[in-house]
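Just so it is clear, A, B, C, D, E and F label the chains in written order, and each chain counts residues from 1 on its own.
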Amino acid sequence: MSRKIITIGEIMMRLSTPGNERFFQANSFNSVFGGAEANVAVSLAQWDVDAYHMTVFPDHDLGKAALRYLKQVGVKTDWVFFGPGRLGLYFLENGAMQRPSKIIYDRLDSAFSQFEGKNLEWDRIFEGVDCFHWSGITPALSQKAAEMLLEALKSAKRNGVLVTGDINYRRNLWQYGKSPLEIMPELIRHTHVIVAGLTDFENCMDIRASDYEEACLQAKKDFPLIKYITTTERNSISASHNQLEGWLWTGKELLRSKNYDMTDIVDRIGGGDAYMAGLIYGLLHLTDQDAVEFATAASVLKHSIPGDANLVSKDEVMALMKGENVGRLLR
Amino acid sequence: MSRKIITIGEIMMRLSTPGNERFFQANSFNSVFGGAEANVAVSLAQWDVDAYHMTVFPDHDLGKAALRYLKQVGVKTDWVFFGPGRLGLYFLENGAMQRPSKIIYDRLDSAFSQFEGKNLEWDRIFEGVDCFHWSGITPALSQKAAEMLLEALKSAKRNGVLVTGDINYRRNLWQYGKSPLEIMPELIRHTHVIVAGLTDFENCMDIRASDYEEACLQAKKDFPLIKYITTTERNSISASHNQLEGWLWTGKELLRSKNYDMTDIVDRIGGGDAYMAGLIYGLLHLTDQDAVEFATAASVLKHSIPGDANLVSKDEVMALMKGENVGRLLR
Amino acid sequence: MSRKIITIGEIMMRLSTPGNERFFQANSFNSVFGGAEANVAVSLAQWDVDAYHMTVFPDHDLGKAALRYLKQVGVKTDWVFFGPGRLGLYFLENGAMQRPSKIIYDRLDSAFSQFEGKNLEWDRIFEGVDCFHWSGITPALSQKAAEMLLEALKSAKRNGVLVTGDINYRRNLWQYGKSPLEIMPELIRHTHVIVAGLTDFENCMDIRASDYEEACLQAKKDFPLIKYITTTERNSISASHNQLEGWLWTGKELLRSKNYDMTDIVDRIGGGDAYMAGLIYGLLHLTDQDAVEFATAASVLKHSIPGDANLVSKDEVMALMKGENVGRLLR
Amino acid sequence: MSRKIITIGEIMMRLSTPGNERFFQANSFNSVFGGAEANVAVSLAQWDVDAYHMTVFPDHDLGKAALRYLKQVGVKTDWVFFGPGRLGLYFLENGAMQRPSKIIYDRLDSAFSQFEGKNLEWDRIFEGVDCFHWSGITPALSQKAAEMLLEALKSAKRNGVLVTGDINYRRNLWQYGKSPLEIMPELIRHTHVIVAGLTDFENCMDIRASDYEEACLQAKKDFPLIKYITTTERNSISASHNQLEGWLWTGKELLRSKNYDMTDIVDRIGGGDAYMAGLIYGLLHLTDQDAVEFATAASVLKHSIPGDANLVSKDEVMALMKGENVGRLLR
Amino acid sequence: MSRKIITIGEIMMRLSTPGNERFFQANSFNSVFGGAEANVAVSLAQWDVDAYHMTVFPDHDLGKAALRYLKQVGVKTDWVFFGPGRLGLYFLENGAMQRPSKIIYDRLDSAFSQFEGKNLEWDRIFEGVDCFHWSGITPALSQKAAEMLLEALKSAKRNGVLVTGDINYRRNLWQYGKSPLEIMPELIRHTHVIVAGLTDFENCMDIRASDYEEACLQAKKDFPLIKYITTTERNSISASHNQLEGWLWTGKELLRSKNYDMTDIVDRIGGGDAYMAGLIYGLLHLTDQDAVEFATAASVLKHSIPGDANLVSKDEVMALMKGENVGRLLR
Amino acid sequence: MSRKIITIGEIMMRLSTPGNERFFQANSFNSVFGGAEANVAVSLAQWDVDAYHMTVFPDHDLGKAALRYLKQVGVKTDWVFFGPGRLGLYFLENGAMQRPSKIIYDRLDSAFSQFEGKNLEWDRIFEGVDCFHWSGITPALSQKAAEMLLEALKSAKRNGVLVTGDINYRRNLWQYGKSPLEIMPELIRHTHVIVAGLTDFENCMDIRASDYEEACLQAKKDFPLIKYITTTERNSISASHNQLEGWLWTGKELLRSKNYDMTDIVDRIGGGDAYMAGLIYGLLHLTDQDAVEFATAASVLKHSIPGDANLVSKDEVMALMKGENVGRLLR
């Protein structure tokens, strides 16, 4: 039977300049929809998982277009709501060579961040759910969003759901008057698997460490529910040439995936979300080592797909894990 | 010597679906910049007029791209400022046949509407200016914008500048707690030439009339500075087939332009702004009858130009006024 | 409660030349999915109807893309199957002015036409269904398809479902050795509402008449289950200028809709399917006269939408029925 | 057996702005090849005629691309030469509505106009040729081109070839020091069929007349070889709406074709060349009245085809002559 | 004098997703024509060789478009026929990075595979021909195609033509009831030069060997007519990074070309066909070592050209052979 | 206070094939404006420098479009003139992999090269100017251009302006009857900073040397005004993979910048001009070593920008100099 997974978070319209044009060269923008948590759901929906996403859209044609996108890629939309507020946007200028990519966020006052989620029947939402995924972007958006997320986490606990959280600290968010350290620790306390790098540890968990394993050990002490901690090591040689490796701390040891050389990257947005989806899939279906391999291979493939989401099949991820068909022509 | 004209107002990025695609069919959006008052300045800049536009952009690459647009089309940007806030946006779905066009505005909290314009040296800005143009959109955006506009109008008066105002009542704006009737009358009191239809008269000047000339007479009574009142009569047969006629009330009589049959309309956004620009040009350079003819011909040509602004030369408008070269092939 | 409707039929990928290019000028083709019956389901899915479509796709990425399309536009895909055979295609060259449009069909050996539908549990499929729609294309494709359709119709009868059928005679199909008159009459005998023009009456029902009402009376005699007969009268002035009127024979009288002048047509493919969907919606929710008005207005709007399907809302159709907002700009 | 026809003339690359963009809005240009006389050859090559075109290209990749174009559309290229000089260009801004189209020619110093054609074996070129077509553009380009054309016309006479000439007076050409009246009369003296309007009569044949038939009678007197004179009457209502009628003076009477209402014109460039090709085809294969009908129908269809050339089949022209399939959908 | 070469085989329309889009992301497909053997003819036609291609198209506008393509690129089309059946198609999803490219073939029942070639006057076709090229795809399509090919080979022998064959074993073809080993050996017996890798040897010639030279020696024994055996060694590092080397077994020794590092590959389809064309050219005009160098350089350049065919000049191949101008800017 | 810089030179429209298409595959061309010296002005205008460009355009819409381009990118256009002659063009085919890029120039008889610049008030133009930049292309175009440039250089001297010159020897130019050695030395004698490689030394300064420093020393002897000599060392591995290093000879020593590995180059045209602009900026604001680092980093970034000009900010160049943000994602 398929696993049932739910994610929660804001979905934005991404407007990116065509080709390698700069913002002030562009006369048109390509549009796709994306959001850190929804990207995870979309990935999982490609892999025979029942993936639900909870979010809120403004009640106009672009909000409805976002809903149609979720349906098209196979995400269940039972918990998509419409409410007052804007559709969050972000503008993307694709980097090239040594020139970095640039994002201009325009997500203030989004329908999701303004949503009155108080009366949601979370226990009904979590019925039969195997895994719940959240990210540190949601509590950074607004007080309301942070509170809604905490309600969800409590219900997840009540319902025995595995909880994964991508700490994902972003300095530019957190503008509603709270600091991450006031909000994040309680959320993390309800979470079994976290994605965190050293910056995340410091800003959201108040853990300073010079070494990743040391940080993990401290996290385990401070947040006893945590079972796994994971991250990706990315080496940016140029905008289109990166190297990527997944790390998974299992409480006992730090497992590392193969290191991938990624040249001619098509679209790096969502690479972390693809990794997260791969890890969730792996933790539910594979050994720990295979989980981190699956997650990293999934993330690598994401870099070859235009758009935010990782539209690849399970078989394609598996083949890359095994080193099969790499870059070939399948007739 | 060239006339010097200044306009004031918000500039938005317009994101329109390609061809006749609906919002939820689009995978890209064409982008141009536009705003009711800036469109007037752009028109005039094509006609050997020194056209300045005062506005405020956010200090990021898209704000700078908007500035570059103004420069490209020949508008003087001495009074363009950068400040906190968003870049206003609007999404456009082009109608076709009987299907109407749709606009989704996303202009809340724009840099222009949040601008602290209190300390602007308006008397320096109006030095040597022949004509100042404003529209009813600015006071509808925010208290700050309304106040800044009033300051500007007072300075215009002190400097003996001809003032034109496009009443342009839009129900969806005016969300900051004031009603048009609390704000608009004082602004109109500083204005010599207004664009107004019967709805504008009612909502912004508290004048109810069943007949256009009757409304004009009443307006002249209530707002003695007014010298000209003008409007366009548009008959929408389909999204691409309209008929257009300009009306100019001179205090004595209601002049009417030729009536144009516009088939295969390319882009009707900005048609009214092109008319306004034509009228300003006409009032400064031509007889009253020729002014309304020039304005209407300019507006017709705008409908053939993609984008918000009327990128046509004075000679092209003149030729259409005279019925020359209509739809021909100029080798 | 929403009405539940099911349609059955082949879905093809349509590959059309860009703009007005001829087949031998094209270096790319725009692709959408469509099929006479699926187009009906898609229309209805926009109008708060539970619309299901039964079809068969080949089990490859393009078949899956077709499935995603149905999901995106809100059609329920519980009864979409995968099986051996091709994805049907058709190539479209858009006409212009006096030059006709051209279609090259390439649908031989499609997965749908080769589907072994014998063991389908039709009674389960028709559970709770209000209306079942089929077209004369299905029985024209293959013996198997004709037989499957007859099974479906028998089950529909058992389940008390309203049946609508678009006779849709196409000379180029019917290549598997049977003539329409051997197959169609039995299918029509299970049908309450038919779309038919004089050619359809002659070729599929063996009814020759010089007058539409006369044909209807004869049809009612020969096929007593028939309650409504409908058609559209289209006058083709040019590829982009047609006039359209809907006719609905109610058993008592021939109702006619408003006659629409359609200039600057965007895409006429699927105009008939949009009419059919409108009629189904109308017969289930409106008076007979309003049904034919709704159907015709829906069809007119379809002509403004790129692609096969009528992606318009109920409110938009209603507005056109009432003559509101025609070709205007909705801010 | 197929008729053999040869045309002579310069071929340019046409660079046109996309959609309805103005020259200063364009960031790309669509490119096709075209030239008044080559367009005639291309038309004829679609109709089972052996069509040769004699011209000269610069010996670089764009010159070779032009050659490939001729081959692709079925023109015989035995008499295409490569030589020093530029590839002629012209830039096209598509008009819309009342706004005229604009052409910027950039054809100075083309390889064709600089060609040393003295030693061409014209008698070999004209072997077995049924019809030779030239236009007034060639002698307007350069002294060399005018002289080469006269050589060709003398050889055509020697070989008993039917000669057609499109007078096509263009004020902007003729910059090499000769006036049309010094050059054209001798060329026309070798010609049996001419396309000429009143301006052409005046500037190239020194015939002033207020009435077309009167002009024709005078032309017949002055140029006794002339058997047919023809022209099209075009009424430009807008850039996309014209009316067209063909006239053919047979020496005895002035035959007129049906008058066509052309709305939603796709591309009017080459409409006259398509008419000429149709007339040549008609004079070789049809009655006089059918010839002018065929020519006009061909020209109408050209207006629906993007590019300079009339890529339609004989059957398509015939169908329009008979009023069949007009603007329909051919499945 | 130019060499005369003839190839035979099916030509398909290739429909590829734009950029790096996946099949289910695409809303349009780029179209080109291609086929293994025709690609060889097209390559050769760029190099002052008289290249003919024999094939069959369906008699509709897309079939005619394919014919126009051959003419455009300079292939002689005297032996192109029109007949019943489909236009073969294939859909291509371009890979990127580690993600492989995917092809969906849709070539069943093509006009070529159904062609009744029995009465072709092969001796007339082979008159004056220097080289005849076939591939293992043709006999894999249908019994008719295999038989026609054998007739051709017999005639080639009678006419003393050099025969080259690309074994090109594809498991997915061969669906008409025969196995390769029933058909291929007799065809190979008529062939002087074959392209074969170890898989081809095994499946089509029943030769199993662990080493390439060993396989060649055995092939020479079993098929005494064979003079040369050739193959390319391709190392796929990623979809856009391959390494390529040509091997030519001359009966005496195995010659190897330079090994090329190919980064940023534009289009790898047709790389093998470009190699084959290069080898044919080389064997007719160069030393053996230069032949394999020319072939490999040609193949490398193909990878930089969008589409199936190698549109490069002889000089460009020669320059790469000599290491000149590599990746520079030629002004 | 901003530095004031003036450049002089021809601006062409560049028409480049889309993607990696060859000239004879292209059906459209992307258009931008560029010219060696104007590219320098554009670069500098992005960096808070008052950059003026002196040039001449034809007085038609494309000439005006070129003027608008300069305004858009912030170049001051006070010294742009309109005059008779063509708009220079160049066609660009983008190379890929080992295949070189190709340029076809079409700049003969441009308005700039025909400009009668005799009466220009150079002393007014150079008022307050800090730096004047010219290139060896201008004197290569025409006698008039060479003479105008000499006038300018004399005035620059009178006004104490720093003069920089890009020797830029191009064999294909220099077609008006003078050789470089007749013209260039006098121009170089007025110049303080030159860009020159060994070929330039030989052809324009009559200096033959096997070693760069040796050439510099000799140049200093022959042209005593010279203070700096500079060049870039480019290693072309493929069309999209180059290595770049800047060299600056200060009279005392040869400074070298970091060596950059440039993979996935977007557009290499204008790389040298970007370097020159960087060097001018550096010499005016930075130390010698930082100047060559800034110049090289600027040039590297140019390779990531589509079009001729280096549209990057000072901060972006500085960041690359410091190795910050290389190829990352800036949120």
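Here is the rule we go by: contacts are C-beta pairs under 8 Å (C-beta built on N, C-alpha and C of every residue); 3 or more make two chains touch, one makes a residue touch a chain.
The structure displayed is predicted, hence computed values, not measured ones.
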Key: Neighbouring chains common to subunit A and subunit D, by label   = B, C, E, F
Query = At the interface of subunit B with subunit C, does the proportion of residue numbers present on both copies reach over half, so same, or stay under half, so different?
reply = different
Note = Note, CA centroid farthest from subunit F's centroid sits on chain C
Gap in Å, rounded to a whole number, between the CA centres of subunit B and subunit A = 44
Note = Taking each chain's centre as the mean of its CA atoms, subunit B sits from subunit F at a distance in Å of 42
Remark   = Residues of subunit D that touch at least two other chains are 22, 24, 27, 68, 102, 263-264
Ask   = Should the pattern of chain-chain touching be classed as line, ring, star, complete or other?
value = other
Key: Chains grouped in pairs wherever the two touch, ordered by label   = A-B, A-C, A-E, A-F, B-C, B-D, B-F, C-D, C-E, D-E, D-F, E-F
Query = If you look only at subunit B, which of its residues touch subunit F in the complex?
reply = 68-69, 71-74
Ask   = Which positions of subunit D touch subunit C when the two form their complex?
value = 260, 262-266, 300-301, 303-307, 311-312, 316, 320, 325-331
Task = Provide the residue numbers of subunit C that touch subunit D in the complex, in ascending order.
result = 19-22, 24-25, 95-103, 105, 170, 172, 236-242, 263-264, 268-269
Key: List of subunit B residues in touch with subunit A within their complex   = 15, 18, 22-24, 26-32, 60-62, 64-65, 68, 86-87, 89, 91, 93, 102, 104, 106, 108-109
